[in-house]
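Dropping the structure in here first, questions after.
Order of writing sets the labels: A, B, C and D. Residues in every chain begin at 1.
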Amino acid sequence: SETTSQAPPKKAALVIAQGGLGDESYNDLAMSGFTASTREKGIEGHPIESNDVVAQGEQSLRRAGTSGYGLVIDLEFSHGEILPTIASAYPNVQWAFLNNKIDGPNITSVLFAEHDGSYLAGALAAMMTTQTGNPKINPDKKIGVIGGTKSVGIDKFLSGYIQGAKDVDPSVEVLTAYSNAFGDPTKGSQLAETMFQRGADIVYHVAGGTGAGVIEAAKKNNHYAIGVDDNQDKLAPGFVLTSVLKRADLAVRRLVDAYADGKPLGGQVINLGLSDGAVGLTDFEFTRNEIPESVRTKVDELKQKIIGGQLKVWNVIDQGYPAWLQG
Amino acid sequence: MTVRLGARDISRAFGPVRANEGVNVEVQAGTVHAVVGENGAGKTTLMRILYGLDQPDSGTVVINDHPVRLRGPADGIGHGIGLVPQELAMIGSLTLLENLVLGTEPRRGPRIDWAAAQTEASELAARVGVELPWTALADNVSISVRQQVEILRALRRGADVLILDEPTAALAPAQVDDLLQLLRGLRDAGRTVVFISHKVDEVLAVADEITVLRGGKVITTRPVDEVDRGSLIELIVGQHVRFSEFASSAVIGDEVLVVSGDVPLSVRAGEIVGVAGIAGSGQDELVERIVGLRRSADRITLAGKDITTLPVDRRRLAGLGYISGERRSEGLSMDASLADNAIAGAHRTLGRYGWLRPSAVRAYAKRVLDGYSVRYGRISAAARTLSGGNQQRVVIGRELDRHPKLLVAAGPTRGVDVLGMSYIHDKLRALRDNGSAILLVSEQLDELLDLSDRIIVLHGGHIAGEVPGGPDSRNAVGTLMLGRKAS
Amino acid sequence: MITGLLMSALLLWTPLALAALGGLLHRVGGVVNIGLEGQMLAGALVGALISGATGNWVLGVLAAGATGGLLGLLMSLTITRLGANEIIAGLGFTIVISRLIGYLLRSVFEVSGTLRVAGLDPLPRVLGVDPLFWLAILLVPVIGWSLRNTVGGLRLRATGDGFDAAGALGLPASGIRDIAGVLAGVLAGIAGSHLVLGQVGLFNEDMVAGRGFIALAAFYFGRARPLPTALACLLFAVFDATQARLQTGGVPAQLIQTLPYLVVIAVLTATAVRDVRGKARRAG
Amino acid sequence: MPFVIALVLGGIVLLATGHNPLEFYQLLVREAFGGTDRIAATLAAATPLLFTGLATAIAFRAGVFNVGVEGGFVFGGLIGATVAVHADLVAGMLAGALAGVLVSAVPGWLKARWNVDEVVTTLMFNFVVAGLTGWLVTTFLQARGVANSATPLIPQSSWLPDLLPPYGLTSGVLVALALVALYAVWIRHSVLGYELRQTGLNSRFAAAQGIRVGRVIIVSMLISGAIAGLGGAAHALGVVHRFVDGFSPGYGFTGIAVALLGRNSAVGVVLGAILFGALASAGTTAQLFSHIPLDIVDVLSGTVMIFAVVRLWRQR
């Protein structure tokens, strides 16, 4: 890296969560936002990956604290407990944490309403599975969802999806399965094919790289997949009904921009949800014609209701497990 | 005459040990050339070099009067040399037939022609006068059977120089005679044989020339008619040796070992009972049952105590000693130190509160090693670094030092040189005379006749008969071993 | 429903069986191959790239096999010629290969994690299944027969059980092991290509996902005999295929996923008990 | 010397990927050992490896190829963390050790009694334990209101005390080092250590001399499991302060490498653990000062691993 004789450039670090770069979802998305915004703002940006994210959290955060970094964004959930101590030890550094609320004068927390986005996907899928005129739809009222691992972080998505489906049509059956892997497309395609054989025609995946297999399976079997995190509609145009966005890139970009521009950070909680477009469904670039107008209107209505507060989607994290999903 | 195979000034050292030092040997074509010497004299090392398995530090191998370099056994084989190694190169998970043809398989394309292999094998075996269970795994047959396969293998490879490193160590007397006859036949057919043995009589019976090694150096090479038994032994060990003659026990006491069942047997205090039989007659099973390495359905008592279901350590506590016939795999732990080998089994007596006292361990090990004249460097050295004869002394020392009430000794002098053998025999007799009971299992008839007060002959897993010890029983035992009733 | 289960089990079986048979050959030659995982991954990537570049699945599979073979050779050489411990070499090679691939994806292909190769030619169907399935099926008896009845097979077994003894007979023991290592690599590479060309049609840096280790368990389980090894693979494959169906039955996913492993332990124990009972036992 | 080869090969990789090897090696050394904080980080990263390396070495020494230390570590971590929440430090550590014993006991017994191949059973047990802990941590043992699968945070009173605050080096490293030292003496000078060594070197010999081989195998597995479980508990109580997804990134498997690199000796285990610990800690923070991705650091450690064990001269 080249150095100039001027004042040292501002430096920002991004601590990559478990799963690492290449997960095709959360980490990669955050990284893309990080890369773009640091480049735009002329900030020196370094991602920090580790094979042992959990245990090495403290020492790598401290190292960042002593090495002239002004902003450290931590994507790793398990660092929540140590962050306040470290943040208070390095008060001149701005710390940011995603997916959980951490208190501290120089800590910014970012929360996503993934359950809201998943709810809309569930509602959409439940309405679509009865559209038997569509060649990708079968007569069975069944849809599916595949989680990467059985954990509350993932079940927050699953629960929202099931709730959305049941709310629009209680007789829809939702098949669930877990791949126990975030980078195993073979398994993803196996699980999805099984669901298709069992009568599902729309399968939502919350499983990172494993989901690539789900999407391939949808294409092969002429059914639908629903993507997650990033806009995955283009991965198999026409076969990805929609994707449930969770724009970690937007969150990171917002943090980096604020830091670069010298705007105040710290002590805040940024809630990202349907209203900001940081969570939500894609705009059906390739499937618009296959989704009836009425369905799209209904989804939109639901979205407005959630934003307006008339509809409250179950949040597994705050509320524990609901009746429709086993803990 | 051509020197078919020879060594010119060959030296080979292993660390501080000079296994071969300036060795010059010339083996004339069409002769049987014996190489003799005490344990550790360097015989095996020399043979490995002549075959290409090992390379000398200096000096050259001579083949057909020309110096050559052997980079591996393939080179040796290419020059028509075959080695039947002392450490048998058999592969346990392969059948005998597979072992026989390995490396020079009769083939049809990539396929092995098993029919041809079987025919060849049977013919070879018939030529040598043995019968072999060709489909048995090498792991499941006795040492002597394995040895026979090794010999057949070298013959089959068309070796016209055949090196045999102690081929008779595990053969029964009749088989030894057959082998020697075979070697003579090979010589008469123009082949060359290099023959290593610790048994002077065999050497005198078959060799044309004899080379004596001592301490890695050639002492002399002489035509066979220039030496006799006594002078050859003196050349080998460098001193005059007196052998104890057969002497039966003076005082025989109470029954120490009683085994019931298929092989009913009892051994009394102050008595050596020999067990004879061609290999595979049930000796191994008997030994393992007594020692506790194999479950026994039949009752076994030791000094009046029922040990049928006791584990090995409890039997040892009750007064059992065991010299294993499988020195390399069972009698010793080749990679463990001499000290660890010497204290094995007694180690619990050297501890306090679960900790071994280093001084006690040292003292105990030194007593065993020194008390039985083991030649070793450091007591922390691995057992592997000792020559075979010295390794055997470690085992003998360990077992005898505990003054067992009953000693089960299987092949106690296998591969041991003349001096070592007489030494071990004296020790066994002394143990008996001190009132221990000894069950002696050996393939060497001379040893059995020399040591035993009475000899039980096994055949096909049963007792074929019993004869008194001493040289006069030779023929009776030989007959019984073949399963015929003594007349 | 049942045919669906069967088909997916057979699909999952193919790469496991290929890799396990490769590992089996290496095992018979005396080396426990922990590097199958890495070789499979390399085979998967190269298979995807070459199939995409040439539009020909045969070339893709061959290239995957060649890559696996080359890596197998390198690994074997460090073991046979440099005396590296086989377990460490296997673990080390797997780490190096997978991380190098991760790096290549990001720096050369400029993708993260998943690589979609344009124009990829997937495996065709022959009698309803892909050719590599038939290859694996064919290999089971062929390997069994060859080990018993060919010169190469005999020498391989000899080298595996008695390295020094084989050497003393003038056999190039190290060379024979290297050949086994190459064969293992070739089969693992082909197995990897099956994941891409026969299953999902795209490459992911984690896509082998422990299948190399399952293959290892399979040939251990089968005691390096082809048929039991292939059956062990089938056991894993059937369980894998059944999982999704069981998962909706109310049993927690994590517990269901432990089933095949428990079954392996149970079967292994049962055979061991039978073996011990069958033989006159040497107590210890 | 083999180490140098590994560095040269790694250097070639670095050069090929457009990085300056010398600069990067310097950076690695600085990040591994350049200052109290970095040394603390290296030792902290080495601590779990000391436990798993030692646990592996003990079983290997008895001739038991136990690849199930990972499972013991993970299960020990889960149980240790859970017990520490409800009881105290000592109870947590003991419970962890006991949990590790549970994991290793069955394969040990199967091996001793029926000669069931331990490589397969212990490997399988790792998967079983992974499933079991995964299930427990999303059901009974889960902390409510947390976005991941994790047990509740252990109260600070039950933490293993820090050695060098504020650096995250806990007294777990002392426990590990004490165990390694004990192992060094025990394996050489105790009766059981003797029997363990003999069983490992030649079990047939051991049996013939009256050593109860089956019993020794079981004991070695129990000790191995206890150390693995204790390691997991120390990791939970000292470092992570709970059990959480990603608790062990494969410490048990790295432990196999540590034991083999160190030839199962005490000193070897310590050196091996520090080597891998240094690579892990330096490899992570080096990213703050250069643009070399973790992938390349891993390639480097894989290369070091392979070549640290080669013999360059065939012994004659």
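Note that in this section a residue touches a chain if its C-beta (ideal position, glycine included) is under 8 Å from a C-beta of that chain, and two chains touch if they have at least 3 such contacts.
Everything quoted here is computed from the prediction, not taken from an experiment.
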Contacts common to chain A and chain B (chain labels): C, D
More contacts between chains, C-D or A-C: C-D
Taking each chain's C-alpha mean as its centre, the one farthest from chain D: B
Whole-Å gap between the CA centroids of chain A and chain C: 34
Gap in Å, rounded to a whole number, between the CA centres of chain D and chain C: 27
Distance from the mean Cα position of chain D to that of chain B, given in whole angstrom: 46
Euclidean distance of C-alpha centroids - chain B vs chain C, Å: 45
Interface hub residues of chain A, defined as touching at least two other chains: 21, 150, 180
Junction residues of chain D - those touching two or more other chains: 134-135, 138-139, 207, 212, 293, 298
Junction residues of chain B, two or more chains touched: 293, 311
Chains grouped in pairs wherever the two touch, ordered by label: A-C, A-D, B-C, B-D, C-D
Touching residues (chain side chain C, partner chain A) in the complex: 1, 4, 8, 11-12, 102, 105-106, 112-114, 116, 195, 199-202, 204-207, 209, 240-241, 243-245, 247-248, 250, 252-254, 257
Touching residues on chain C, where the partner in the complex is chain D: 32, 78, 82-85, 87-89, 91-96, 99-100, 102-103, 106-107, 213, 216-217, 220-221, 252, 254-255, 257-258, 261-262, 264-265, 268-269, 272-273, 275-276, 283-284
Footprint of chain D on chain B - complex, ascending: 55, 291, 293, 311-316, 322, 324, 329-336, 340, 343-345, 347-348, 351, 354-356, 358
List of chain D residues in touch with chain A within their complex: 31, 37, 40-41, 44-45, 48, 134-135, 138-139, 142, 144-150, 153, 166-168, 235, 239-242, 244-247, 249-250, 280-281, 283-285, 287-291, 293-294, 298
Chain B-touching residues of chain C, taken from the complex the two chains share: 149-152, 154-155, 157-158, 161-162, 164-172, 280-284
